[in-house]
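Chain lettering (A, B and C) follows the sequence in which the chains are written, and residue indices restart at 1 in each chain.
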(Lines give C-alpha, C1' and ligand atoms only; values in the text may rest on other atoms or scores of the structure.)
Protein backbone atom coordinates (compact mmCIF):
# COMPACT_ATOMS: atom_id res chain seq x y z
CA UNK A 1 0.00 0.00 0.00
CA UNK A 2 1.30 3.46 -0.87
CA UNK A 3 2.21 5.80 2.00
CA UNK A 4 -1.12 7.11 3.22
CA UNK A 5 -0.88 10.48 4.88
CA UNK A 6 -3.98 12.45 4.06
CA UNK A 7 -5.18 14.36 7.12
CA UNK A 8 -8.41 16.25 7.45
CA UNK A 9 -7.54 19.81 8.47
CA UNK A 10 -8.83 20.22 12.01
CA UNK A 11 -10.76 23.38 11.13
CA UNK A 12 -12.63 21.39 8.51
CA UNK A 13 -13.30 18.51 10.88
CA UNK A 14 -14.62 20.79 13.62
CA UNK A 15 -16.60 22.87 11.12
CA UNK A 16 -18.28 19.80 9.64
CA UNK A 17 -18.96 18.47 13.14
CA UNK A 18 -20.61 21.79 13.94
CA UNK A 19 -22.77 21.75 10.80
CA UNK A 20 -23.91 18.15 11.27
CA UNK A 21 -24.57 18.80 14.97
CA UNK A 22 -26.82 21.73 14.05
CA UNK A 23 -28.91 19.50 11.77
CA UNK A 24 -29.17 16.89 14.52
CA UNK A 25 -30.15 19.48 17.10
CA UNK A 26 -32.90 20.79 14.84
CA UNK A 27 -34.21 17.26 14.28
CA UNK A 28 -34.36 16.82 18.06
CA UNK A 29 -36.13 20.14 18.59
CA UNK A 30 -38.70 19.27 15.96
CA UNK A 31 -39.43 16.11 17.92
CA UNK A 32 -39.88 18.19 21.10
CA UNK A 33 -36.93 16.52 22.84
CA UNK A 34 -35.52 18.17 25.94
CA UNK A 35 -31.96 19.49 26.11
CA UNK A 36 -30.60 16.00 26.79
CA UNK A 37 -32.28 14.53 23.74
CA UNK A 38 -31.34 17.44 21.52
CA UNK A 39 -27.70 17.18 22.59
CA UNK A 40 -27.52 13.42 22.04
CA UNK A 41 -29.15 13.70 18.64
CA UNK A 42 -26.64 16.44 17.75
CA UNK A 43 -23.86 14.13 18.98
CA UNK A 44 -25.09 11.10 17.04
CA UNK A 45 -25.63 13.13 13.87
CA UNK A 46 -22.20 14.73 13.97
CA UNK A 47 -19.69 12.21 15.32
CA UNK A 48 -21.85 9.06 15.35
CA UNK A 49 -20.27 7.73 12.17
CA UNK A 50 -16.76 8.34 13.47
CA UNK A 51 -17.59 6.73 16.83
CA UNK A 52 -18.86 3.64 15.00
CA UNK A 53 -15.67 3.68 12.90
CA UNK A 54 -13.30 3.83 15.85
CA UNK A 55 -15.43 2.17 18.52
CA UNK A 56 -16.80 -0.82 16.64
CA UNK A 57 -15.00 -1.40 13.35
CA UNK A 58 -11.40 -0.33 13.91
CA UNK A 59 -10.01 -1.69 17.16
CA UNK A 60 -6.76 -0.01 18.10
CA UNK A 61 -6.75 -0.53 21.86
CA UNK A 62 -6.79 3.24 22.39
CA UNK A 63 -9.72 5.64 22.76
CA UNK A 64 -10.73 7.54 19.63
CA UNK A 65 -9.24 11.03 19.16
CA UNK A 66 -12.81 12.32 19.10
CA UNK A 67 -12.96 11.70 22.84
CA UNK A 68 -9.40 12.54 23.84
CA UNK A 69 -9.62 15.95 22.15
CA UNK A 70 -11.72 18.44 24.15
CA UNK A 71 -13.02 20.31 21.18
CA UNK A 72 -15.48 17.91 19.56
CA UNK A 73 -17.88 17.74 22.50
CA UNK A 74 -17.48 21.49 23.03
CA UNK A 75 -18.40 22.19 19.41
CA UNK A 76 -21.43 19.89 19.67
CA UNK A 77 -22.54 21.61 22.87
CA UNK A 78 -22.20 24.97 21.16
CA UNK A 79 -24.22 23.75 18.18
CA UNK A 80 -26.93 22.48 20.53
CA UNK A 81 -27.22 25.83 22.28
CA UNK A 82 -27.09 27.74 19.01
CA UNK A 83 -29.79 25.49 17.61
CA UNK A 84 -32.14 26.78 20.30
CA UNK A 85 -31.39 30.38 19.37
CA UNK A 86 -31.59 30.16 15.59
CA UNK A 87 -34.38 27.58 15.60
CA UNK A 88 -36.66 27.89 12.59
CA UNK A 89 -34.45 30.52 10.99
CA UNK A 90 -32.05 27.76 10.04
CA UNK A 91 -34.11 27.15 6.93
CA UNK A 92 -32.32 30.12 5.41
CA UNK A 93 -29.10 28.17 5.71
CA UNK A 94 -30.50 25.04 4.14
CA UNK A 95 -28.42 25.41 1.00
CA UNK A 96 -25.28 26.17 2.97
CA UNK A 97 -25.82 23.03 5.03
CA UNK A 98 -26.41 20.93 1.91
CA UNK A 99 -23.09 22.16 0.52
CA UNK A 100 -21.20 21.46 3.75
CA UNK A 101 -22.88 18.08 3.91
CA UNK A 102 -21.77 17.26 0.36
CA UNK A 103 -18.17 18.21 1.11
CA UNK A 104 -18.27 16.29 4.40
CA UNK A 105 -19.68 13.22 2.69
CA UNK A 106 -16.61 12.83 0.51
CA UNK A 107 -14.16 13.98 3.14
CA UNK A 108 -15.29 11.45 5.75
CA UNK A 109 -15.62 8.64 3.22
CA UNK A 110 -12.00 9.21 2.19
CA UNK A 111 -10.75 9.75 5.72
CA UNK A 112 -12.56 6.69 7.08
CA UNK A 113 -11.36 4.53 4.21
CA UNK A 114 -7.78 5.65 4.68
CA UNK A 115 -7.82 5.22 8.46
CA UNK A 116 -9.20 1.70 7.98
CA UNK A 117 -6.50 0.78 5.48
CA UNK A 118 -3.84 2.08 7.86
CA UNK A 119 -5.33 -0.09 10.62
CA UNK A 120 -4.95 -3.16 8.42
CA UNK A 121 -8.47 -3.61 7.08
CA UNK A 122 -8.95 -5.16 3.66
CA UNK A 123 -10.00 -2.84 0.83
CA UNK A 124 -13.70 -3.85 0.69
CA UNK A 125 -14.02 -3.49 4.45
CA UNK A 126 -12.18 -0.16 4.39
CA UNK A 127 -14.64 1.17 1.81
CA UNK A 128 -17.49 -0.03 4.01
CA UNK A 129 -16.06 1.74 7.07
CA UNK A 130 -15.54 4.87 4.99
CA UNK A 131 -19.22 4.83 4.10
CA UNK A 132 -20.15 4.25 7.75
CA UNK A 133 -17.92 7.17 8.72
CA UNK A 134 -19.63 9.40 6.16
CA UNK A 135 -23.25 8.33 6.52
CA UNK A 136 -23.39 6.55 9.90
CA UNK A 137 -24.45 9.65 11.80
CA UNK A 138 -27.66 9.91 9.82
CA UNK A 139 -28.26 6.20 10.29
CA UNK A 140 -27.85 6.46 14.08
CA UNK A 141 -30.08 9.55 14.15
CA UNK A 142 -32.83 7.63 12.35
CA UNK A 143 -32.48 4.57 14.59
CA UNK A 144 -32.66 6.71 17.76
CA UNK A 145 -35.71 8.62 16.61
CA UNK A 146 -37.25 5.33 15.51
CA UNK A 147 -37.43 6.23 11.87
CA UNK A 148 -36.71 3.42 9.49
CA UNK A 149 -33.29 4.49 8.20
CA UNK A 150 -33.77 6.88 5.28
CA UNK A 151 -30.38 5.99 3.82
CA UNK A 152 -31.61 2.45 3.13
CA UNK A 153 -34.63 3.49 1.14
CA UNK A 154 -34.88 4.65 -2.44
CA UNK A 155 -33.97 8.31 -2.63
CA UNK A 156 -31.34 10.68 -3.95
CA UNK A 157 -27.87 9.18 -4.30
CA UNK A 158 -26.17 9.67 -0.95
CA UNK A 159 -24.40 6.60 0.40
CA UNK A 160 -23.40 5.65 -3.12
CA UNK A 161 -21.72 9.02 -3.64
CA UNK A 162 -19.76 8.43 -0.44
CA UNK A 163 -18.79 5.00 -1.73
CA UNK A 164 -17.70 6.56 -5.02
CA UNK A 165 -15.39 8.87 -3.08
CA UNK A 166 -13.79 5.96 -1.25
CA UNK A 167 -13.38 3.95 -4.45
CA UNK A 168 -11.77 6.86 -6.30
CA UNK A 169 -9.36 7.42 -3.40
CA UNK A 170 -8.29 3.76 -3.23
CA UNK A 171 -7.98 3.57 -7.00
CA UNK A 172 -5.80 6.68 -7.21
CA UNK A 173 -3.51 5.85 -4.28
CA UNK A 174 -3.14 2.11 -4.58
CA UNK A 175 -3.36 1.57 -8.34
CA UNK A 176 -2.30 4.84 -9.93
CA UNK A 177 0.17 5.90 -7.26
CA UNK A 178 -1.21 9.41 -6.72
CA UNK A 179 -0.02 10.90 -3.39
CA UNK A 180 -2.63 10.60 -0.66
CA UNK A 181 -3.50 14.27 -0.19
CA UNK A 182 -3.93 14.93 -3.89
CA UNK A 183 -5.98 11.74 -4.31
CA UNK A 184 -8.15 12.74 -1.37
CA UNK A 185 -8.88 16.16 -2.85
CA UNK A 186 -9.79 14.63 -6.20
CA UNK A 187 -12.03 12.05 -4.54
CA UNK A 188 -13.74 14.68 -2.38
CA UNK A 189 -14.30 16.89 -5.43
CA UNK A 190 -15.81 14.05 -7.44
CA UNK A 191 -18.08 13.08 -4.53
CA UNK A 192 -19.15 16.70 -4.13
CA UNK A 193 -20.03 17.11 -7.80
CA UNK A 194 -21.83 13.75 -7.91
CA UNK A 195 -23.87 14.68 -4.83
CA UNK A 196 -24.68 18.17 -6.07
CA UNK A 197 -25.84 16.79 -9.42
CA UNK A 198 -27.98 14.22 -7.58
CA UNK A 199 -29.69 17.07 -5.74
CA UNK A 200 -30.01 19.33 -8.81
CA UNK A 201 -31.40 16.66 -11.12
CA UNK A 202 -33.00 14.57 -8.39
CA UNK A 203 -31.11 11.43 -9.42
CA UNK A 204 -32.56 8.62 -7.37
CA UNK A 205 -31.99 4.99 -6.50
CA UNK A 206 -34.74 2.46 -7.15
CA UNK A 207 -35.99 -0.41 -4.99
CA UNK A 208 -33.51 -3.22 -5.49
CA UNK A 209 -34.56 -6.41 -7.26
CA UNK A 210 -38.12 -7.65 -7.56
CA UNK A 211 -38.64 -9.84 -4.49
CA UNK A 212 -42.08 -8.56 -3.75
CA UNK A 213 -43.89 -8.64 -7.07
CA UNK A 214 -47.60 -9.31 -6.68
CA UNK A 215 -48.61 -12.80 -7.83
CA UNK A 216 -50.07 -13.03 -11.30
CA UNK A 217 -53.72 -14.08 -11.17
CA UNK B 1 -5.00 15.25 36.91
CA UNK B 2 -5.10 14.32 40.61
CA UNK B 3 -4.59 10.65 41.55
CA UNK B 4 -7.91 9.02 40.81
CA UNK B 5 -8.61 5.96 42.88
CA UNK B 6 -12.32 5.82 43.63
CA UNK B 7 -13.61 2.27 43.37
CA UNK B 8 -17.21 1.17 43.50
CA UNK B 9 -17.50 -1.44 46.26
CA UNK B 10 -18.26 -4.71 44.50
CA UNK B 11 -21.30 -5.40 46.70
CA UNK B 12 -22.73 -2.09 45.57
CA UNK B 13 -21.98 -2.77 41.93
CA UNK B 14 -23.57 -6.21 42.04
CA UNK B 15 -26.52 -4.95 44.08
CA UNK B 16 -27.23 -2.15 41.62
CA UNK B 17 -26.85 -4.57 38.71
CA UNK B 18 -29.42 -6.79 40.40
CA UNK B 19 -31.89 -3.94 40.95
CA UNK B 20 -31.60 -2.63 37.40
CA UNK B 21 -31.86 -6.17 36.02
CA UNK B 22 -35.12 -6.68 37.92
CA UNK B 23 -36.62 -3.55 36.35
CA UNK B 24 -35.52 -4.72 32.91
CA UNK B 25 -36.92 -8.20 33.47
CA UNK B 26 -40.27 -6.75 34.47
CA UNK B 27 -40.33 -4.54 31.38
CA UNK B 28 -39.73 -7.66 29.28
CA UNK B 29 -42.44 -9.63 31.04
CA UNK B 30 -44.92 -6.82 30.51
CA UNK B 31 -44.17 -7.04 26.80
CA UNK B 32 -44.82 -10.82 26.87
CA UNK B 33 -41.24 -11.65 25.89
CA UNK B 34 -40.03 -15.20 26.37
CA UNK B 35 -37.19 -16.09 28.74
CA UNK B 36 -34.60 -15.08 26.14
CA UNK B 37 -36.10 -11.65 25.66
CA UNK B 38 -36.62 -11.10 29.39
CA UNK B 39 -32.99 -12.02 30.08
CA UNK B 40 -31.59 -9.78 27.36
CA UNK B 41 -33.73 -6.86 28.49
CA UNK B 42 -32.51 -7.43 32.07
CA UNK B 43 -28.96 -7.51 30.72
CA UNK B 44 -29.33 -4.33 28.66
CA UNK B 45 -31.04 -2.48 31.52
CA UNK B 46 -28.40 -3.44 34.08
CA UNK B 47 -24.99 -3.50 32.40
CA UNK B 48 -25.89 -1.97 29.03
CA UNK B 49 -24.46 1.40 29.98
CA UNK B 50 -21.23 -0.13 31.24
CA UNK B 51 -20.92 -2.28 28.10
CA UNK B 52 -21.28 0.83 25.94
CA UNK B 53 -18.70 2.56 28.13
CA UNK B 54 -16.07 -0.17 27.83
CA UNK B 55 -17.05 -1.66 24.48
CA UNK B 56 -17.58 1.45 22.37
CA UNK B 57 -16.25 4.57 24.08
CA UNK B 58 -13.20 3.46 26.06
CA UNK B 59 -10.94 1.20 24.04
CA UNK B 60 -8.36 -0.51 26.20
CA UNK B 61 -7.58 -3.57 24.09
CA UNK B 62 -8.83 -5.81 26.89
CA UNK B 63 -12.32 -7.21 27.55
CA UNK B 64 -14.41 -5.32 30.10
CA UNK B 65 -14.33 -6.61 33.72
CA UNK B 66 -18.09 -7.07 33.42
CA UNK B 67 -17.41 -10.05 31.17
CA UNK B 68 -14.25 -11.43 32.77
CA UNK B 69 -15.92 -11.57 36.19
CA UNK B 70 -18.41 -14.45 36.52
CA UNK B 71 -20.74 -12.69 38.85
CA UNK B 72 -22.42 -10.06 36.70
CA UNK B 73 -24.11 -12.49 34.32
CA UNK B 74 -24.98 -14.75 37.25
CA UNK B 75 -26.65 -11.88 39.11
CA UNK B 76 -28.62 -10.92 35.98
CA UNK B 77 -29.72 -14.53 35.49
CA UNK B 78 -30.87 -14.62 39.12
CA UNK B 79 -32.78 -11.35 38.70
CA UNK B 80 -34.46 -12.74 35.57
CA UNK B 81 -35.63 -15.85 37.39
CA UNK B 82 -36.70 -13.89 40.46
CA UNK B 83 -38.62 -11.51 38.23
CA UNK B 84 -40.83 -14.41 37.16
CA UNK B 85 -41.52 -15.30 40.80
CA UNK B 86 -42.22 -11.88 42.25
CA UNK B 87 -43.88 -10.55 39.08
CA UNK B 88 -46.58 -8.00 39.80
CA UNK B 89 -45.70 -7.91 43.49
CA UNK B 90 -42.68 -5.85 42.59
CA UNK B 91 -44.85 -2.75 42.69
CA UNK B 92 -44.50 -2.88 46.47
CA UNK B 93 -40.78 -2.33 46.01
CA UNK B 94 -41.24 0.58 43.64
CA UNK B 95 -39.93 3.09 46.16
CA UNK B 96 -36.98 0.90 47.10
CA UNK B 97 -36.07 0.60 43.43
CA UNK B 98 -36.37 4.36 42.92
CA UNK B 99 -33.94 4.89 45.79
CA UNK B 100 -31.45 2.33 44.50
CA UNK B 101 -31.79 3.84 41.05
CA UNK B 102 -31.04 7.32 42.42
CA UNK B 103 -27.92 6.08 44.22
CA UNK B 104 -26.83 4.12 41.16
CA UNK B 105 -27.33 7.13 38.90
CA UNK B 106 -24.71 9.13 40.75
CA UNK B 107 -22.43 6.20 41.42
CA UNK B 108 -22.17 5.15 37.77
CA UNK B 109 -21.89 8.72 36.53
CA UNK B 110 -18.91 9.24 38.83
CA UNK B 111 -17.38 5.84 38.14
CA UNK B 112 -17.77 6.16 34.37
CA UNK B 113 -16.36 9.68 34.37
CA UNK B 114 -13.37 8.64 36.42
CA UNK B 115 -12.67 5.53 34.36
CA UNK B 116 -12.79 7.64 31.21
CA UNK B 117 -10.36 10.21 32.62
CA UNK B 118 -7.99 7.42 33.61
CA UNK B 119 -8.17 6.07 30.06
CA UNK B 120 -7.11 9.45 28.71
CA UNK B 121 -10.42 10.93 27.60
CA UNK B 122 -10.86 14.71 27.70
CA UNK B 123 -13.09 16.10 30.45
CA UNK B 124 -16.18 16.83 28.29
CA UNK B 125 -16.00 13.35 26.77
CA UNK B 126 -15.48 11.78 30.20
CA UNK B 127 -18.62 13.48 31.50
CA UNK B 128 -20.48 12.20 28.45
CA UNK B 129 -19.31 8.63 29.04
CA UNK B 130 -20.24 8.95 32.72
CA UNK B 131 -23.76 9.85 31.68
CA UNK B 132 -23.84 6.95 29.21
CA UNK B 133 -22.65 4.64 31.99
CA UNK B 134 -25.42 5.88 34.29
CA UNK B 135 -28.32 6.18 31.88
CA UNK B 136 -27.30 4.08 28.86
CA UNK B 137 -29.06 0.95 30.10
CA UNK B 138 -32.43 2.67 29.97
CA UNK B 139 -31.61 4.03 26.54
CA UNK B 140 -30.73 0.58 25.21
CA UNK B 141 -33.85 -0.90 26.80
CA UNK B 142 -36.01 1.66 25.00
CA UNK B 143 -34.26 1.14 21.67
CA UNK B 144 -34.68 -2.65 21.90
CA UNK B 145 -38.34 -2.46 22.79
CA UNK B 146 -38.76 0.12 20.05
CA UNK B 147 -39.85 2.89 22.36
CA UNK B 148 -38.59 6.31 21.44
CA UNK B 149 -36.00 6.83 24.19
CA UNK B 150 -37.73 8.27 27.26
CA UNK B 151 -34.52 9.88 28.49
CA UNK B 152 -34.53 12.19 25.48
CA UNK B 153 -38.00 13.56 26.06
CA UNK B 154 -39.21 16.16 28.53
CA UNK B 155 -39.66 14.56 31.92
CA UNK B 156 -38.26 14.53 35.41
CA UNK B 157 -34.59 15.44 35.68
CA UNK B 158 -32.66 12.22 35.20
CA UNK B 159 -29.74 12.41 32.80
CA UNK B 160 -29.03 15.95 33.98
CA UNK B 161 -28.74 14.74 37.59
CA UNK B 162 -26.22 12.15 36.43
CA UNK B 163 -24.33 14.89 34.59
CA UNK B 164 -24.37 17.02 37.75
CA UNK B 165 -22.74 14.14 39.62
CA UNK B 166 -19.97 13.88 37.06
CA UNK B 167 -19.39 17.63 37.03
CA UNK B 168 -19.19 17.82 40.84
CA UNK B 169 -16.71 14.94 40.89
CA UNK B 170 -14.43 16.49 38.27
CA UNK B 171 -14.66 19.91 39.92
CA UNK B 172 -13.77 18.53 43.35
CA UNK B 173 -10.91 16.28 42.24
CA UNK B 174 -9.30 18.33 39.48
CA UNK B 175 -9.91 21.89 40.64
CA UNK B 176 -10.32 21.72 44.43
CA UNK B 177 -7.97 18.78 45.01
CA UNK B 178 -10.37 16.68 47.10
CA UNK B 179 -9.28 12.99 47.24
CA UNK B 180 -11.16 10.81 44.79
CA UNK B 181 -13.17 8.68 47.20
CA UNK B 182 -14.39 11.65 49.24
CA UNK B 183 -15.22 13.58 46.07
CA UNK B 184 -17.12 10.60 44.74
CA UNK B 185 -19.23 10.29 47.89
CA UNK B 186 -20.06 13.99 47.81
CA UNK B 187 -20.99 13.82 44.13
CA UNK B 188 -23.13 10.73 44.63
CA UNK B 189 -24.90 12.37 47.59
CA UNK B 190 -25.63 15.53 45.61
CA UNK B 191 -26.93 13.50 42.66
CA UNK B 192 -29.12 11.47 45.00
CA UNK B 193 -30.65 14.52 46.67
CA UNK B 194 -31.15 16.26 43.30
CA UNK B 195 -32.87 13.19 41.88
CA UNK B 196 -35.04 12.63 44.97
CA UNK B 197 -36.15 16.27 44.91
CA UNK B 198 -36.94 15.95 41.20
CA UNK B 199 -39.23 13.02 42.01
CA UNK B 200 -40.80 14.65 45.08
CA UNK B 201 -41.50 17.99 43.47
CA UNK B 202 -41.84 16.65 39.93
CA UNK B 203 -39.16 18.97 38.58
CA UNK B 204 -39.21 18.54 34.83
CA UNK B 205 -37.28 19.46 31.73
CA UNK B 206 -39.05 21.32 28.93
CA UNK B 207 -38.86 20.83 25.18
CA UNK B 208 -35.67 22.52 24.07
CA UNK B 209 -35.81 25.64 21.90
CA UNK B 210 -38.72 26.64 19.72
CA UNK B 211 -37.99 25.03 16.36
CA UNK B 212 -41.50 23.88 15.80
CA UNK B 213 -43.72 26.83 16.72
CA UNK B 214 -46.86 26.99 14.61
CA UNK B 215 -46.81 29.89 12.14
CA UNK B 216 -48.77 32.96 13.17
CA UNK B 217 -51.72 33.55 10.85
CA UNK C 1 -9.07 -24.37 30.71
CA UNK C 2 -8.25 -27.19 28.30
CA UNK C 3 -6.35 -26.27 25.12
CA UNK C 4 -8.95 -24.72 22.86
CA UNK C 5 -8.20 -25.11 19.20
CA UNK C 6 -11.46 -25.58 17.34
CA UNK C 7 -11.45 -23.62 14.10
CA UNK C 8 -14.38 -23.11 11.77
CA UNK C 9 -13.29 -24.31 8.32
CA UNK C 10 -13.14 -21.18 6.18
CA UNK C 11 -15.36 -22.72 3.47
CA UNK C 12 -18.02 -23.24 6.12
CA UNK C 13 -17.67 -19.72 7.48
CA UNK C 14 -17.92 -18.16 4.03
CA UNK C 15 -20.75 -20.48 3.03
CA UNK C 16 -22.79 -19.63 6.11
CA UNK C 17 -22.06 -15.92 5.60
CA UNK C 18 -23.38 -16.29 2.06
CA UNK C 19 -26.56 -18.06 3.18
CA UNK C 20 -27.34 -15.57 5.94
CA UNK C 21 -26.56 -12.66 3.61
CA UNK C 22 -29.08 -14.01 1.10
CA UNK C 23 -31.81 -14.07 3.75
CA UNK C 24 -30.94 -10.51 4.77
CA UNK C 25 -30.93 -9.32 1.17
CA UNK C 26 -34.37 -10.80 0.61
CA UNK C 27 -35.70 -9.11 3.76
CA UNK C 28 -34.39 -5.80 2.43
CA UNK C 29 -35.92 -6.35 -1.00
CA UNK C 30 -39.26 -7.16 0.55
CA UNK C 31 -39.09 -3.80 2.32
CA UNK C 32 -38.37 -2.08 -1.01
CA UNK C 33 -34.94 -0.91 0.13
CA UNK C 34 -32.52 0.33 -2.48
CA UNK C 35 -29.20 -1.41 -3.17
CA UNK C 36 -27.57 0.33 -0.20
CA UNK C 37 -30.23 -0.84 2.21
CA UNK C 38 -30.30 -4.36 0.79
CA UNK C 39 -26.52 -4.63 1.10
CA UNK C 40 -26.45 -3.35 4.69
CA UNK C 41 -29.25 -5.67 5.71
CA UNK C 42 -27.36 -8.56 4.12
CA UNK C 43 -24.26 -7.44 6.01
CA UNK C 44 -26.04 -7.13 9.37
CA UNK C 45 -27.80 -10.47 8.92
CA UNK C 46 -24.63 -12.35 8.01
CA UNK C 47 -21.72 -10.93 10.01
CA UNK C 48 -23.62 -8.65 12.42
CA UNK C 49 -23.32 -11.13 15.27
CA UNK C 50 -19.60 -11.60 14.70
CA UNK C 51 -19.06 -7.84 14.47
CA UNK C 52 -20.83 -7.39 17.81
CA UNK C 53 -18.69 -10.22 19.24
CA UNK C 54 -15.37 -8.71 18.16
CA UNK C 55 -16.27 -5.04 18.08
CA UNK C 56 -18.19 -4.65 21.34
CA UNK C 57 -17.75 -7.68 23.60
CA UNK C 58 -14.24 -8.98 22.98
CA UNK C 59 -11.69 -6.19 22.93
CA UNK C 60 -8.38 -7.34 21.56
CA UNK C 61 -6.94 -4.05 20.34
CA UNK C 62 -6.86 -5.41 16.78
CA UNK C 63 -9.51 -5.23 14.03
CA UNK C 64 -11.68 -8.32 13.60
CA UNK C 65 -10.57 -10.89 10.98
CA UNK C 66 -13.95 -10.31 9.30
CA UNK C 67 -12.64 -6.94 8.16
CA UNK C 68 -8.99 -7.76 7.53
CA UNK C 69 -9.94 -10.67 5.26
CA UNK C 70 -11.19 -9.51 1.83
CA UNK C 71 -13.56 -12.36 1.33
CA UNK C 72 -16.39 -11.67 3.77
CA UNK C 73 -17.48 -8.38 2.22
CA UNK C 74 -17.02 -9.87 -1.24
CA UNK C 75 -19.27 -12.80 -0.39
CA UNK C 76 -21.91 -10.46 1.02
CA UNK C 77 -21.76 -8.29 -2.10
CA UNK C 78 -22.20 -11.40 -4.23
CA UNK C 79 -25.17 -12.53 -2.13
CA UNK C 80 -26.74 -9.07 -2.49
CA UNK C 81 -26.44 -9.17 -6.28
CA UNK C 82 -27.61 -12.74 -6.46
CA UNK C 83 -30.58 -11.87 -4.28
CA UNK C 84 -31.78 -9.49 -6.99
CA UNK C 85 -31.53 -12.22 -9.61
CA UNK C 86 -33.13 -15.11 -7.76
CA UNK C 87 -35.64 -12.91 -5.92
CA UNK C 88 -38.91 -14.70 -5.22
CA UNK C 89 -37.53 -18.00 -6.46
CA UNK C 90 -35.61 -18.29 -3.23
CA UNK C 91 -38.68 -19.79 -1.61
CA UNK C 92 -37.71 -23.05 -3.28
CA UNK C 93 -34.56 -23.00 -1.21
CA UNK C 94 -36.34 -22.27 2.04
CA UNK C 95 -35.62 -25.72 3.44
CA UNK C 96 -32.00 -25.60 2.37
CA UNK C 97 -31.62 -22.26 4.12
CA UNK C 98 -33.29 -23.58 7.27
CA UNK C 99 -30.78 -26.44 7.34
CA UNK C 100 -27.78 -24.15 6.80
CA UNK C 101 -29.18 -21.82 9.45
CA UNK C 102 -29.48 -24.69 11.93
CA UNK C 103 -25.89 -25.77 11.32
CA UNK C 104 -24.68 -22.19 11.53
CA UNK C 105 -26.54 -21.61 14.77
CA UNK C 106 -24.53 -24.26 16.58
CA UNK C 107 -21.29 -23.52 14.77
CA UNK C 108 -21.28 -19.83 15.66
CA UNK C 109 -22.46 -20.43 19.21
CA UNK C 110 -19.53 -22.79 19.75
CA UNK C 111 -17.03 -20.62 17.89
CA UNK C 112 -18.11 -17.43 19.69
CA UNK C 113 -18.04 -19.15 23.07
CA UNK C 114 -14.57 -20.54 22.45
CA UNK C 115 -13.16 -17.27 21.13
CA UNK C 116 -14.53 -15.50 24.21
CA UNK C 117 -12.95 -18.03 26.57
CA UNK C 118 -9.62 -17.65 24.79
CA UNK C 119 -9.89 -13.87 25.22
CA UNK C 120 -10.28 -14.32 28.97
CA UNK C 121 -14.05 -13.96 29.39
CA UNK C 122 -15.76 -15.83 32.22
CA UNK C 123 -17.87 -18.86 31.27
CA UNK C 124 -21.32 -17.21 31.64
CA UNK C 125 -20.18 -14.22 29.58
CA UNK C 126 -18.59 -16.50 26.98
CA UNK C 127 -21.89 -18.37 26.57
CA UNK C 128 -23.64 -15.02 26.18
CA UNK C 129 -21.22 -13.89 23.49
CA UNK C 130 -21.61 -17.24 21.75
CA UNK C 131 -25.35 -16.67 21.59
CA UNK C 132 -24.80 -13.11 20.32
CA UNK C 133 -22.45 -14.49 17.68
CA UNK C 134 -25.07 -17.03 16.58
CA UNK C 135 -28.26 -14.97 16.80
CA UNK C 136 -27.07 -11.34 16.84
CA UNK C 137 -27.39 -10.91 13.09
CA UNK C 138 -31.12 -11.52 13.23
CA UNK C 139 -31.40 -9.16 16.19
CA UNK C 140 -29.58 -6.37 14.34
CA UNK C 141 -31.69 -6.98 11.23
CA UNK C 142 -34.87 -6.56 13.29
CA UNK C 143 -33.60 -3.42 15.03
CA UNK C 144 -32.62 -1.83 11.71
CA UNK C 145 -35.93 -2.59 10.06
CA UNK C 146 -37.67 -1.38 13.21
CA UNK C 147 -39.25 -4.68 13.98
CA UNK C 148 -39.44 -5.53 17.64
CA UNK C 149 -36.80 -8.28 17.82
CA UNK C 150 -38.40 -11.59 16.93
CA UNK C 151 -35.81 -13.54 18.91
CA UNK C 152 -37.11 -11.98 22.14
CA UNK C 153 -40.70 -13.05 21.63
CA UNK C 154 -42.31 -16.41 22.18
CA UNK C 155 -41.65 -18.62 19.19
CA UNK C 156 -39.79 -21.71 18.12
CA UNK C 157 -36.68 -22.49 20.14
CA UNK C 158 -33.84 -20.61 18.49
CA UNK C 159 -31.60 -18.67 20.86
CA UNK C 160 -31.99 -21.43 23.45
CA UNK C 161 -30.74 -24.03 20.97
CA UNK C 162 -27.68 -21.84 20.37
CA UNK C 163 -27.18 -21.58 24.13
CA UNK C 164 -27.47 -25.37 24.39
CA UNK C 165 -24.65 -25.70 21.87
CA UNK C 166 -22.40 -23.41 23.86
CA UNK C 167 -23.18 -25.18 27.13
CA UNK C 168 -22.48 -28.61 25.65
CA UNK C 169 -19.17 -27.37 24.25
CA UNK C 170 -18.00 -25.86 27.55
CA UNK C 171 -19.14 -28.92 29.47
CA UNK C 172 -17.30 -31.32 27.18
CA UNK C 173 -14.06 -29.35 26.95
CA UNK C 174 -13.72 -27.94 30.45
CA UNK C 175 -15.32 -30.63 32.58
CA UNK C 176 -15.04 -33.86 30.59
CA UNK C 177 -11.76 -33.04 28.84
CA UNK C 178 -12.91 -33.83 25.30
CA UNK C 179 -10.60 -32.24 22.69
CA UNK C 180 -11.98 -28.99 21.30
CA UNK C 181 -12.69 -30.05 17.73
CA UNK C 182 -14.53 -33.21 18.72
CA UNK C 183 -16.48 -31.33 21.41
CA UNK C 184 -17.42 -28.67 18.85
CA UNK C 185 -18.74 -31.24 16.39
CA UNK C 186 -20.82 -32.92 19.09
CA UNK C 187 -22.21 -29.56 20.25
CA UNK C 188 -23.02 -28.49 16.70
CA UNK C 189 -24.76 -31.80 16.03
CA UNK C 190 -26.84 -31.53 19.20
CA UNK C 191 -27.82 -27.95 18.39
CA UNK C 192 -28.74 -28.98 14.85
CA UNK C 193 -30.98 -31.83 15.97
CA UNK C 194 -32.59 -29.69 18.70
CA UNK C 195 -33.33 -26.94 16.19
CA UNK C 196 -34.63 -29.32 13.52
CA UNK C 197 -36.95 -30.97 16.07
CA UNK C 198 -38.17 -27.52 17.16
CA UNK C 199 -39.12 -26.77 13.56
CA UNK C 200 -40.65 -30.19 12.90
CA UNK C 201 -42.74 -30.35 16.05
CA UNK C 202 -43.13 -26.58 16.42
CA UNK C 203 -41.68 -26.57 19.94
CA UNK C 204 -42.18 -23.09 21.26
CA UNK C 205 -41.21 -20.87 24.15
CA UNK C 206 -43.93 -19.21 26.24
CA UNK C 207 -44.20 -15.68 27.59
CA UNK C 208 -42.01 -15.61 30.69
CA UNK C 209 -43.58 -15.17 34.12
CA UNK C 210 -46.94 -13.57 34.73
CA UNK C 211 -46.21 -9.88 35.29
CA UNK C 212 -49.15 -8.65 33.32
CA UNK C 213 -52.08 -10.84 34.38
CA UNK C 214 -55.40 -9.01 34.30
CA UNK C 215 -56.81 -8.31 37.77
CA UNK C 216 -59.49 -10.71 38.97
CA UNK C 217 -62.82 -8.93 39.41
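The criterion applied here is as follows: contacts are C-beta pairs under 8 Å (C-beta built on N, C-alpha and C of every residue); 3 or more make two chains touch, one makes a residue touch a chain.
Molecules present, by chain and UniProt name: A, B, C = Glycine transporter domain-containing protein.
All values reported here derive from a predicted model rather than from experimental measurement.
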Copies chain A and chain C touch via same or different residues, half shared test: different
C-alpha-based rotation, chain A on chain B, 0 to 180 degrees, nearest 5: 120
Distance between chain centroids, defined by C-alpha means - chain A, chain C (Å): 29
Residues of chain A whose C-beta touches two or more other chains: 55-56, 59-61, 143, 146
Chain C residues touching chain B - in the complex, by the definition given at the top: 55-61, 116, 119-125, 128-129, 143, 146-149, 151-155, 159-160, 205-213
Chain C to chain A touching residues, read off their complex: 25-26, 28-38, 40-41, 43, 51, 54-56, 59-64, 66-70, 72-74, 77, 80, 83-85, 87-88, 90, 143-146
